[in-house]
Amino acid sequence: MFDPIILFFLLGIFAGLFRSELRLPSQIYDFVSMILLLSIGMKGGVELAKQSVVELAPQMLAVFLLGLLLPFLAFPVLRFMGRLKRADAASIAAHYGSVSVGTFAVAAAFMVSQDIYFEEHLALLLVVLEIPAILVGIVLARGLSKNTQWGKVMHEIFAGKGVVLLLGGLIIGWISGPEGVESIKPLFFDLFKGMLALFLLEMGLIASAKIAVLRQYGLFIICFGITMPLVSSVLGTALGIWIGLSVGGTAVLAALAASASYIAVPAAMRISVPEANPTLSLAASLGVTFPFNVLIGIPLYYQLALKAHALLG
Amino acid sequence: MSNEIRTLVTIITEASIEKTLAREIEGLGAKGYTISDARGKGARGSRSAEWDYDGNIRIEVVCSREVGDKLEAHLQGKYFDNFAMIIYSHDVNVLRSVKF
Amino acid sequence: MFDPIILFFLLGIFAGLFRSELRLPSQIYDFVSMILLLSIGMKGGVELAKQSVVELAPQMLAVFLLGLLLPFLAFPVLRFMGRLKRADAASIAAHYGSVSVGTFAVAAAFMVSQDIYFEEHLALLLVVLEIPAILVGIVLARGLSKNTQWGKVMHEIFAGKGVVLLLGGLIIGWISGPEGVESIKPLFFDLFKGMLALFLLEMGLIASAKIAVLRQYGLFIICFGITMPLVSSVLGTALGIWIGLSVGGTAVLAALAASASYIAVPAAMRISVPEANPTLSLAASLGVTFPFNVLIGIPLYYQLALKAHALLG
Amino acid sequence: MFDPIILFFLLGIFAGLFRSELRLPSQIYDFVSMILLLSIGMKGGVELAKQSVVELAPQMLAVFLLGLLLPFLAFPVLRFMGRLKRADAASIAAHYGSVSVGTFAVAAAFMVSQDIYFEEHLALLLVVLEIPAILVGIVLARGLSKNTQWGKVMHEIFAGKGVVLLLGGLIIGWISGPEGVESIKPLFFDLFKGMLALFLLEMGLIASAKIAVLRQYGLFIICFGITMPLVSSVLGTALGIWIGLSVGGTAVLAALAASASYIAVPAAMRISVPEANPTLSLAASLGVTFPFNVLIGIPLYYQLALKAHALLG
Amino acid sequence: MSNEIRTLVTIITEASIEKTLAREIEGLGAKGYTISDARGKGARGSRSAEWDYDGNIRIEVVCSREVGDKLEAHLQGKYFDNFAMIIYSHDVNVLRSVKF
Amino acid sequence: MSNEIRTLVTIITEASIEKTLAREIEGLGAKGYTISDARGKGARGSRSAEWDYDGNIRIEVVCSREVGDKLEAHLQGKYFDNFAMIIYSHDVNVLRSVKF
C-alpha cells in the first residue's frame, strides 16, 4: 500500500509537469519546514534525555568521519568523469556529502508507518553529518587557502535556519523530556505527517521545475544523482551496523548518507565558492536525488539494512 | 519645490546576499537603502521566488553621484561574474537632500 | 444553536463594515484553502474507494448536464431583465452555473454538526459541476467561434489550483483508503472545521468589501443573487432525488447548484472573456450569493430536501 | 522543570544574539497571533456563558480604574527621573498602563501547566485593561486639547486587530458555549500551546533585536522596564484580592497589570502622539519588560498572590 | 509612441500610515497609486519588516507636476518631523496620459 | 562609469496575467524582466491584494528603446481596454549594456 505522503510528492510532480498554477506560498513552506525541523529535533532530544550523551560521542565521531569521506569520493568522479569545473565538482561533492532533512523525515515516516523501530537520536547524527562536507567542499574548491574566512564559514553554517532549529529542538526536547513536550505535541508531533505531506507536495513542484535544467546538463548529472546515493547508502549501512544501530536505524543512516543537501550546502557554497553554479548542483540534488530517495531509495535501503544485519549484525 | 538632484541606484539580485550587500552599501557611504522582494528572469535563468533560495531582491539606494559610482564599481567587481545581478541608475529630485 | 463557523463569518462581515484593519494574510488564505480542498478531496476519495466508479458514471453525467443547463437559465434573465452587456451576462451566467467549494464545505459542516448523513463522494460531483458552465459561458459570450482556443481554456480549468487539489485529494484518498489517510488525519481532518472558521472569517471580510460595489450596481444584481440560487437549488434537489441521493446528499447537491463560483470561473473568464467586468460578477457571487447561501440558503435547502424526499423519495 | 515554551523564547533570544538568519515570516506571525487571540477570546467567552455579565460589571469597572491609574504613576517617573520629553514619557506611560496579550497567554499557560485554577473570563478584563491607558497617554501628551479627534482614537483602538479578535472570540465563545466550540477545538485549543511556543520563538528574536537600541538609551530605561512591572503587579495583586479572584486569577491579573503593550498602544500613539519615539517605548516594552515578565515575573507574581491570599484572602 | 510626460513621485515610509496616506493622496487629486511592501534603513534606523509594526511601504504616484508638488509639500509638512519617510520624484513617459 | 542608456518600462497590472505577460515580454525581444507584488487603486477601482484574485503586479523591463516601443504598443493594443493596467517608462543608465 502506498503511503499518502508519497502520493503528495507525486501530485506535486504531476502538477508541476502539467504547468499547474499550484504552489505553496514561500511563507507557508517556511512554516511547514520550521514545524518539521523543530519536531525532528525535539523527538531526538527527548530520546537523548534517556541516555548518556558521552556514550554517543563515538557514534558522532564516526558519522563525522563519514561526512568527511563522502565528498572525497564524489569529487574525482565529478571532476574527471563529469569533466566539471573544479568549483562545480567541489560544490556538488559537498552537497552529496551532507544531508537532506526532508529525506530523513520521509525515512523516519517510512519506519513509523511500517512499525519498524529506529533510534530517534539519529536527529543528532543528522546535524553532525550536515557539516563536515561543507568544509571539505570549500577546501576542494580553494585548497587550504589562508584566505578562507573559516570563522565566517562556521557562522554561516551554525547560524543557518536549519541547524538552529534542529539543535534548538534537540536541546528543548532534551531539557523538557517526554512529559515536558506533552503540551506542545498536538502542533509538533500530531501534525507532523500532514505537514510532511504538504512539504512533499511543494518538493514535487520544485523537483519538476528542475527537469528543464536537467535536460540542459545531460545524462552525466542524472547518472551521478542516482549512483552516488547508492554508493553512499552502502557506506551508511556499513557504518550503521558498525556503530550498533538497529535495522531501522541503519536504514535511516543509509538514507541520510544517500541524501544530498539542498539548503545548508547551497547557501554556504554561494558565499564561500560563488563561482560554482548553483543551478547545476540543485538540479542534481532536487531534481534527481531527492525524488530517487523518496520514491525508490528508502525502501531499498531498508532491504539493504535487513540483509546486512542478517549477514553481519 | 526646493528640490535637489541625487542619483537613484537600483540593484536586482539574489536574495541570499541581502545582508552582505546591506553592510557593503552602508560601508560605501550611502545613508540608507530600501529593499523589496522580487522575482524575474535574466541571463542566469528564471528566479521564481517559489522558494527561499530562488528569490530576488530589489535594492534602491538614493545617494550622491560619487557614492553611486563607487557602489556600482564595487558591485560590478565583486558580483557580476558569479551572481545574478543587474544595476541601473538615474537622477531623481529629492526633498531634504541632506539625508542622502 | 448557532454553529461557531457562522459566527466567524458574521465576525468577518462586521469587522469589515466597521473598517477594522483585520485581514487574513493572503498566504494564510492560500494555506487554509489548500487544507480545505485537499481535505474535501481526500474524504471524497476515501468514500469512492468503497464503491465502483462505474456506478457513479450516470450521476456524473446527470450533474454535468445540470451544469450545462444552469447558465442557459441565467443568461436571458441577466441579458434582458438586467440589461447587461452580452459579455457580462455570459460571465455571470457561468459563475452561477458553476460551484463554490466554500459553500460545499459549509453545507457539509452543517450536515455533520446536525448528524445528517450525506454522500461524501459528492466531492467528485463538485468537480464535475465546476466545469461545464465555464464552457457554456464562453460560448454565450463569443458564439461557437473558431477563434476560441479550447485547449488553452481546458488547461486553464484543469491546471487551476482548486481542481488540481480537489482531484489530487480525491485520487490520494481513493488510493490510500481509510487506514492510509489515518496518519495525516490530524492536519487534514481534525483541523478541518477550525480552518473553515478562519476561511469564513476572511470570506466575511471580502463580502463586506463588496457592499460598496453593490450599491453602485443597484438592486437587480442583489435580486438576481438571491433568486438564482433559489431556482438552482430546486433543480439541484430534484436531480438529487432522481439520482438517488440521501436527504443530506440532496441538500448538499442543492447547495452546490445554488452556489456561485468565485475562483475558477472568474479566472477563466478573465482569460477567455476579458471584456466582461469581473467586479460585477464577483460582487454578485461574493457579496450576495455566498452570504445568502451560508446564512440562509443551506438550512433552507435542507428543509426543501426533507420535504421533497417525503413527497417523492 | 522548565516549560518548553520558555525554552522556545530563550531559543529565539540566543538565535537573535547569534545573528542567526532564523525568522518567522510575518504572515506566519499574523496567523499564530490570530489563533492565540481567538483562542483566548473563545475560552473566556465560554466561561462568561456560565455566569451573569452583570455580576462582572464591578470587576470591569475596577480594572478600568486600574488602567487609568497606572499611567499616572509611570508618567512623573519617566518625565522627571528619566528626563524624557513629554511626548515620550506619556507614550511609555500608556504602554505600561495597558497590557500585553502575549504575557497573558504565558501566564495562563503557566497556571495550566501547574494545575492552578484561574478565572478564564479574565480575557474580558484583558480587553478592558487594554484601553484606558491609551486615553490617559494622549491626555498626558496633549492635555485635554479640543483638537484630539477622540472619535478617530476610539475607532483606532476598537478596530485594531487585537481587540476585534479578542472581542470577537469572546462573543463567539459566549454564544456557542462549551459544546458549540467543540468542533473547532483541535485548531484553536489543542494547538494553543504549540502556537504559543512559535510566538515566543519570534518574540525572543524581536527582543534580542532591541538590545542594540537599549544600549543607546542607557540604564534608566532598563531599570524602569523592571521596576514598573513590579509596582504594577503589586497593585494588580491587591485589586485581584479585592474583587475576589482566586489565587491563580490574582496572579494572572498581576501579570496583566505588570505587562506592557507592544501592539495596540504603539499603533495608537503613532497616530495620536506621532512625536513620541516608538523605538524607545518598544525597546522598553519588548526588550526589557516582556522578557522579564516571561522569564522571572510570572512565577514571582504567583508567589506574591499566594502570600497575599494567605495574608488577606 | 505618442507619449506624454508626467511626474512619478515615490514615497517610502512606515507601513502603519498606509490607509491615511492613500486617502490623502486621492484627496490631493492623484488619480491612482501603487503600493508595495518594503524594508530598509535610514536616518530613523533599521525597519526590518520582520513584524507588522516594523515594515515600510513604497508608494508610487504618477501625476501631473502640480499634483506632485502639492503632494510633496503636504507630506513634508505633515510627516517629515515624526515619521520615517523619504520622497523622490522624476519625469516619466506615460501612455494614456488622460489617466494621470 | 562607462554606462550606457537603456529604457526602463514599468507595467502595473493584474496579477492574474503574470504568466502570459512574461511570455509575451520575452517574445518581443526583452532579455529579462523583474516582477514584484503590489496593490493599488486606479480607474478600475481598488485592487487590495487581500486575496489572490485581487492583486497587482509591477513588472520592470530594461531594454532598448525599440523593444520598449514594441512592448508598449503590444500591451496597449491587447490589454488597455479590458485590464487594469498602467505603463510608464524612462531612461536609465545601465552597466553591462550588452545584457539588455
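We just call them A, B, C, D, E and F in the order they show up, numbering each chain from 1.
To be clear about the criterion, a residue touches a chain if its C-beta (ideal position, glycine included) is under 8 Å from a C-beta of that chain, and two chains touch if they have at least 3 such contacts.
Remember, predicted model here, so these are calculated numbers, not experimental data.
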- [ ] State which chains count as neighbours of subunit C and simultaneously of subunit D.
- [x] A
Open item on the list: If each step moves to a chain the current one touches, what is the fewest number of steps from subunit D to subunit F?
Closed with: 2
Task: Furthest chain, CA centroid comparison against subunit F - done: D
- [ ] Considering only mean CA positions as chain centres, point out the chain farthest from subunit C.
- [x] B
Task: CA centroid of subunit B to CA centroid of subunit D, Å - done: 40
Open item on the list: Distance between subunit B and subunit E based on Cα centroids, please, to the nearest Å.
Closed with: 19
- [ ] Let me have the rounded angstrom distance from the C-alpha centre of subunit D over to the C-alpha centre of subunit E, please.
- [x] 34
Task: Junction residues of subunit C, two or more chains touched - done: 21, 25-28, 30-31, 186, 191
Task: Contacts with two or more other chains, residues of subunit E listed in rising order - done: 36-37, 90
- [ ] Would you please name all pairs of chains that touch?
- [x] A-B, A-C, A-D, B-E, B-F, C-D, C-F, D-E, E-F
Open item on the list: Touching residues of subunit D toward subunit E in the complex: what are they?
Closed with: 23, 26, 29-30, 202, 205-206, 209, 213, 262-263, 266-267, 270-271, 274-275, 278-279, 282
Task: Residue ranges of subunit A touching subunit C (in the complex, touch as defined) - done: 1-5, 7-8, 11, 15, 18-22, 24-25, 27-28, 31, 109, 112-113, 186, 190-191, 193-195, 197-198
TODO: Within their complex, state which residues of subunit E touch subunit F.
DONE: 1, 3, 6, 8, 22, 26, 31-37, 60, 62, 90-96, 99-100
TODO: Would you tell me which residues of subunit C are touching subunit A in their complex?
DONE: 25-28, 30-31, 34, 42, 155, 158-161, 164-165, 168, 171-172, 175-177, 180-181, 183-188, 191
TODO: Spell out the part of subunit B that touches subunit F in their complex, as residue ranges.
DONE: 10, 12, 36-43, 56, 58, 69, 72-73, 76, 80, 86-90
